Amino acid sequence: GDEPEAAGTGSAAAGAWKAPVADCDDPAAATKQITGTLKVGWSAALSGPLAGAVGAVLQGMKDRFAVENAAGGIGGVKLEVVTRDDAFDPAKAKANVGQLIQSDKVDVLDVFGSGQLDAVADDQNAACVPLLFAQSGVPTFRDVKNFPWTTQYLPSADVETAFDVELLKQKYPNGAKVAIAANQTESGKGLADGFKKALQGTNLELVKEVSLADPAAAATTLSASGAQVLFDAGVTTDCPALSIAVGRSGWKPETFIQPSNCVDGNTLYKPAGAAADGQLVPVWLKNPASTLYAADPGMQDYLAKLKAQNNAAPTNSYTVNGWVIGDLMVDVFKKAAASSSKLSHAGIMEAARVQEYQPPMFIDGIKWKMAPDAPLGILAFRPFQWNAADTQFKPFGEVIDISSKYLTK
Amino acid sequence: MPAPFVLTRGTWPHRLLLLAIAALAALALLWASGLAQFRVSQLTSVFIYAIAISGLNLATGYTGLLSIGHSAFFGLGAYTTGVLVMRYNWDPLATIAPAVALCFAVGFVIGLPALRIRGLYLALVTLAVGVAFPELVRRFSALTGGARGLVIRRRLLNPPAWSGFGPGERTQWLFWLSAVALGAVLLLMHLLVRSRAGLAMIATRDNEIAAAASGVRVATVKTSVFGLSGAVTGLAGCLFAMYLAALSPDGSFTLLKSIEFITGLVIGGAATRLGPVVGAFAVVYIPYLTASLNPSNVSQGQLSGVLFGVVLILIIFLMPDGVVGGLSRLSGRLVQLRPARVNTPTPPAPEENNHEASPLPGGRDDRDLTARGVQ
Amino acid sequence: MSLLQVEGLVAGYGPAQVLHGVDLTVGEGEVVVVLGANGAGKTTLMRAIAGLLTSRGTIAFAGHRLGNRRAELVVRAGISLVPQGRGTFTALTVLENLRVGAAVRTDRDGVAADIEHWFGVFPVLRDRAKQVAGTLSGGEQQMLAVARALMSRPRLLLCDEISLGLAPKIVAGLFEVLGRINAESGTALLLVEQNAELALALAGRAYLLEVGRVAGQGAAGEFRDNDAVRRAYLGY
Amino acid sequence: MSVAVLDVRDVRIHFGGVTALDGISLTVDPGEICGLIGPNGAGKTTLFNCITRIYRPDAGTIRFGGADLLAVPRHRIVRHGVARTFQNLALFPSLSVLENTVVGAHVRRGRHRALRAEALGILAALDLADVAHRPAQGLPFGTLKRVELARALAAHPRLLLLDEPAGGLTHAEVRDLGALIKRIRDRYELSALLVEHHMGLVMGICDHVVAMDSGRKIADGPPQDVQRDETVAAAYLGRAAA
Amino acid sequence: MSLLLDRLFDGITNGCVYAIMALALVIVFRGSGTINFAQGELALFTTYIAWWLTTLGAPIWAGLVVSAVAGLVLGAGIERTLIRPVRRRNDMAVLIVCLGLFTALNALAGLLWNSETKVMPSVFPNGLDDYVAIGGARLYFDGLGVWLVVLVVVALMFLLFNRTRLGLHMRAVANAPESAALSGVRTGRVLMFGWAVSAAIGAVAGVLVTPLSPQQLGLQTMFPILIYASAAALFGGLDSPIGAVVGGLVLGVLQQLIMGYVGFIGDTLPQTAALTIIVAVLVVRPTGLFGTRQLERV
């Protein structure tokens, strides 16, 4: 099989990880120290329906780099972003990455979407150019042996659903009936499978699983199932659609858990109106639009810097994501520069594989944790609840850290 | 305007010209193979598209069966290769034969409704096929990897030892493999279109009743053309699987792919032999170029989409019969190809009652040509 | 001054030029016939006048130059063409065909009366009124095409081989009808006709077209007496 | 008397309320040119369509050279030796005149090259050599009617069905066509069924004429007799012949 | 029982969404004999205009009117400048112009209003309580509104095609453009009218339908709707307004019923199953349920 288990049990303190430079097409290039500028190459959908989100991520990241460059760069090395449009087509992503590596000579890569990552990972690993914090979260690329040069940013579906079930266990110590609405795409399937796995051995009972192909049809079927808890294993656009459909079916599940990619209140909850009231969502980033963080120093710093960069949408959740990815990269680069492998492709990868860092824009208590054999990154969430009357998320309890399930300290 | 230079088919100047063109093409390939790897890759994808569009050309261009379901054949070819390599450890090259055969069979079956359904209604049948394919891939996830996709590991795609390419020269190997496959497909098309079967296809497209009245088995023509067309596009799918090595139902095999094929076909020139090649260059390079025209400000990325649409419309405005159609009209002013001379008595100048003079060929006594089946 | 005046008409298809400077006139209320061998360019001439082809030279109608006016405006000016081959709307019924023929007219009652009139002339069409035109026999479609063209009440009717495919009895009747229309309403007729016998009987003048040029013209009577014309077009 | 090659018996067909053929019967003898006349809408083309299986008759039999044509699928008719031309042209517009003719020879064995050579010969004989390589689209009507004939001939039929072949031809051209049809009959030893409104042609070359009206036979016999027949004159020829 | 009714209502509402777009397709087809693949993106673009007006404070019904007018103008302009010049030369070329428009309009909407999903206000009341209960099932007013609009549009189109000269002329132009011109029909105007009206219907459809769409207003909203609308139009017979509505309803209801009751297929193959049934029907009736029979006359 080509789909390794999500992650084994590992230890963050397992010690140094060495980049397998010998397997590279050009081992010398992988260890060569980067001077002058460090180029980060993106292949992403700059056109089409996803362009808005992608654009915001890229802008956030560029702004973070600009701040760093203004402060002198990574020991004098300036950071630069090179972008190529793949229109969300894997074949174009492959062509782009080829050109980014061979012609643009980038030092670090990034892509948007798991199909794209599938198409480029082999080439990129052979070229030994680190692909860091890909905007995807599939198990395949947590296989460090096969993809030593690739890491992903988005939380693993297994980790996220383990958190969801943990939350449910706290809420329903005596058990409950649970239903799943699953989108028939890769990420939907991943969430649904993870959720079902996490339910095993608990007293939560799965009573119905439906396809999200048509939300209205799903809602009517679900409302007849008698479940208390509904889990939406969907993609962003499913969130409001399912909320509305469920609301209209006249059913009000006691607990309705949305996936972590549904954190944007304005577009994903507001349209559903009262139907979205009380829904829960796992969150790891601070929300600039929330009053909760008004006094937070990390937030104040972020807003001030983005303002200085003239960023058009500082409160957009995609901008925050881009900023944080930039932040994580800068941290990796600094650690690499300080390491024995220096600021080289190998050095960067080695630093990324053992990175432990708390970006200021991560919710306090949530850390980015990479272990060589458990490259999971995000291992904790804080539950938030949507309040339809105030059109605001409110915290719903404290951060739940499930790293103990995956890492042995 | 100077009179066009007249070339007669089958004479030595014509052969020489063909030879020169073939030599030039070979030289161009050699030169291209020495470009940067990503350029070589890009050309490989052009060749693969050209094969896929050639398949579509057979059905839509020559036989008039509009298909918006060819993404399914492309996908079927790709997934056959992917599944055989990953699940059953086949050698990638060995998967081509079964994939092509499977696509032929499926194409033949899809061609069956074409016996009753015509035109845009038939396009709906093919639309159904195009919509069904990704759903079916997801449905049979045990085999296909479902929505997660199917990734063929790079080491499984290394060039075979006999090819003379080393394990690291996958790009070069695929380039030449696709180039040879495209050459073979183009040759096949050339021979087919000029054969009796080719005439029967065009006759079926132009006037079905008259074709049938001339003895063309319209039903057989349609189903086998659909089969063959599917097989050729399926072959492109196999190569695509080796090229991209990452298959996912929502990535490369949706209706959008079919639309891309149709765009390439019409832009290049439907029912022309080289149209698909030109069309493939267009669908690969136009978006690539419009995307690089894109100002660095990322939020302006949509501009490339606008440009792409505008370029499509412009090309069609300038050359409504496609690039090859337009160019061949232009080149017709320089060089005119005259069909090969066949030995027939030249008729005397048309004068009143001259018919007595021009003999009718064939006839009852010409046994070699008289074969009438049922007597 | 003549109703239709064509001077130095040059027309063709793309690079292929078919008419090489044709001069021709049709007077008010006159009947003129154009004879010519297969491929001489008769259809091309009719189509150019009707505005279906771009052409060079002048085409003046009732004192106004038509220039390269499009067909729909030429009809409005008062010229109507019965095209060669099927000139009907195959997917519309016979009745609908006739209604479309009256597109330029606004008098509802007049249109209804004209339809009745043509049903009287071609009784088969009345029987087939609700039938889709595409299923009519070849001759029936030809009748429909004639009636359709006359529904616009043209001042000049162009007929491109209207006797094609019609039974002798119908042809005779049709020429009688044309004669009557010409006599009663003064509609001028320009006929391209292989049935030269009947056409020359009706016409006042005739032209002979050969490979895109006017090779001869004169009064219809003279034509009938010309030996070459007799042999080629009259068959005796 | 020799046995008929084509034997049409009691054929009926109707479309909705229209009875197009109402029990028509006729026979064509070997080597004979049989004229088929009748007013517009009499059902002549419909009869051709029944013989070539474009329509399926409601009743009746059509036998050709002993075979039951109604049991033969459309595309096999020409293999049995029946080829036709179409009244309103049914050519392949994008193919050249030569290719149109070669398609006519689709059911014949032989090499492509040989068939092309023969088709060129047919075209020469029909005065079409000049346009052999032009696409059918854009040729004058009269020319296209001859291309129809060439295509039918290329099949080497034993029975030729001609639907108004003289359309668009001048008198002189019609005379030549008549001679040509006779020569074709002799050269290929075939029979022909000829639908024409050009009485000169019908009278000139037919061995026997069938007149029909409203899907029924109203007269059958030698050309002169049929022309003199009163019903025929009334229904079809009109005053001109009466 | 109420579950079945719920599914039927959902199916009918979806079906009406397909139907109204299918009606727009039918108009263009009737006038020019082509399928307008840009129909969906035209509707999307005009819907964006309506949305944009509401963000400036205009009420949604004003947006509806403006977008309908914009549709009229756009449709007419596109026919005149882009379609007419290529139409005479090559049929396939029209297809590519439509595809070019499809890409360009979609990207232009993204360029002007960015690609983030927008919340489209509804013309009809669409709160959680705006429904009537029938047999225990809920029929929401906005769905009902779309049902009514479909009824009105189809009635108007019926009148247009069967009672007016213009309708007759449209059919004449589609059937034989040259003969129509020879009869004095202003073919250009007729075609332009067809495109304009169809784009206006599309615009109205867009504004009414996007609030019902699970995707809300985004660059992807219309593509799937167009696909199923084309299927519905073809199923109904492509030149028949009644057929378009029946086709849309059958498709919508079939999808719901298959998803609701044919578990193992419904979850994964809903579109395949619905389209397969339609293809099966087409094999029996090759020109759709209500389409004009093609003529086989030689």
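Per-chain residue numbering starts at 1, and chain names A, B, C, D and E are given in the order in which the chains are listed.
FYI, contacts are C-beta pairs under 8 Å (C-beta built on N, C-alpha and C of every residue); 3 or more make two chains touch, one makes a residue touch a chain.
Because the structure is predicted, anything quoted here is derived from the model rather than measured.
Under the contact definition stated at the top, the chains bordering both subunit B and subunit C are D, E.
Relative to the C-alpha centre of subunit B, the farthest chain centre belongs to C.
More inter-chain C-beta contacts link the pair C-D than the other of C-D and C-E. Among the other chains, A has the CA centre that is most remote from the centre of subunit D. Between subunit D and subunit E, the centres computed from C-alpha atoms are 48 Å apart.
Centroids built from CA atoms put subunit C at 76 Å from subunit A.
Once the centre of each chain is set as its mean CA position, subunit A and subunit B turn out to be 41 Å apart.
In subunit B, 138, 209-210, 299, 302-305 are the positions where the chain touches two or more neighbouring chains simultaneously.
Each of residues 47-48, 51-52, 55, 184 in subunit A touches at least two other chains. Contact with two or more other chains is made by residues 135 of subunit C.
Per the touch definition, subunit B reaches subunit E in the complex via residues 113, 116-118, 120-121, 123-125, 127-128, 131-132, 135-136, 138-139, 209-210, 255, 259, 262-263, 266-267, 270, 299-300, 302-306, 308-313, 316-317, 320-321. Touching subunit E in their complex are the following residues of subunit C: 50-52, 70-72, 75-76, 80-81, 83, 87-92, 96, 99-104, 132, 134-135, 148-149, 151-152. Residues of subunit E touching subunit A in their complex: 3, 6-7, 10, 14, 106-107, 110, 114-119, 127-128, 131, 138, 140, 214-216, 218-220, 255-256, 259-260, 266-268, 270-271. Residue ranges of subunit A in contact with subunit E, taken from their complex: 47-53, 55, 184, 210-211, 213-218, 220-221, 224, 237-238, 240-241, 244-245, 247-250, 267, 270-271, 273-275. Remark: subunit B residues 195-196, 199-200, 202-203, 205-207, 209-219, 271, 338-339, 342-347, 350, 352-356, 358-364, 368-375 touch subunit D in the complex.
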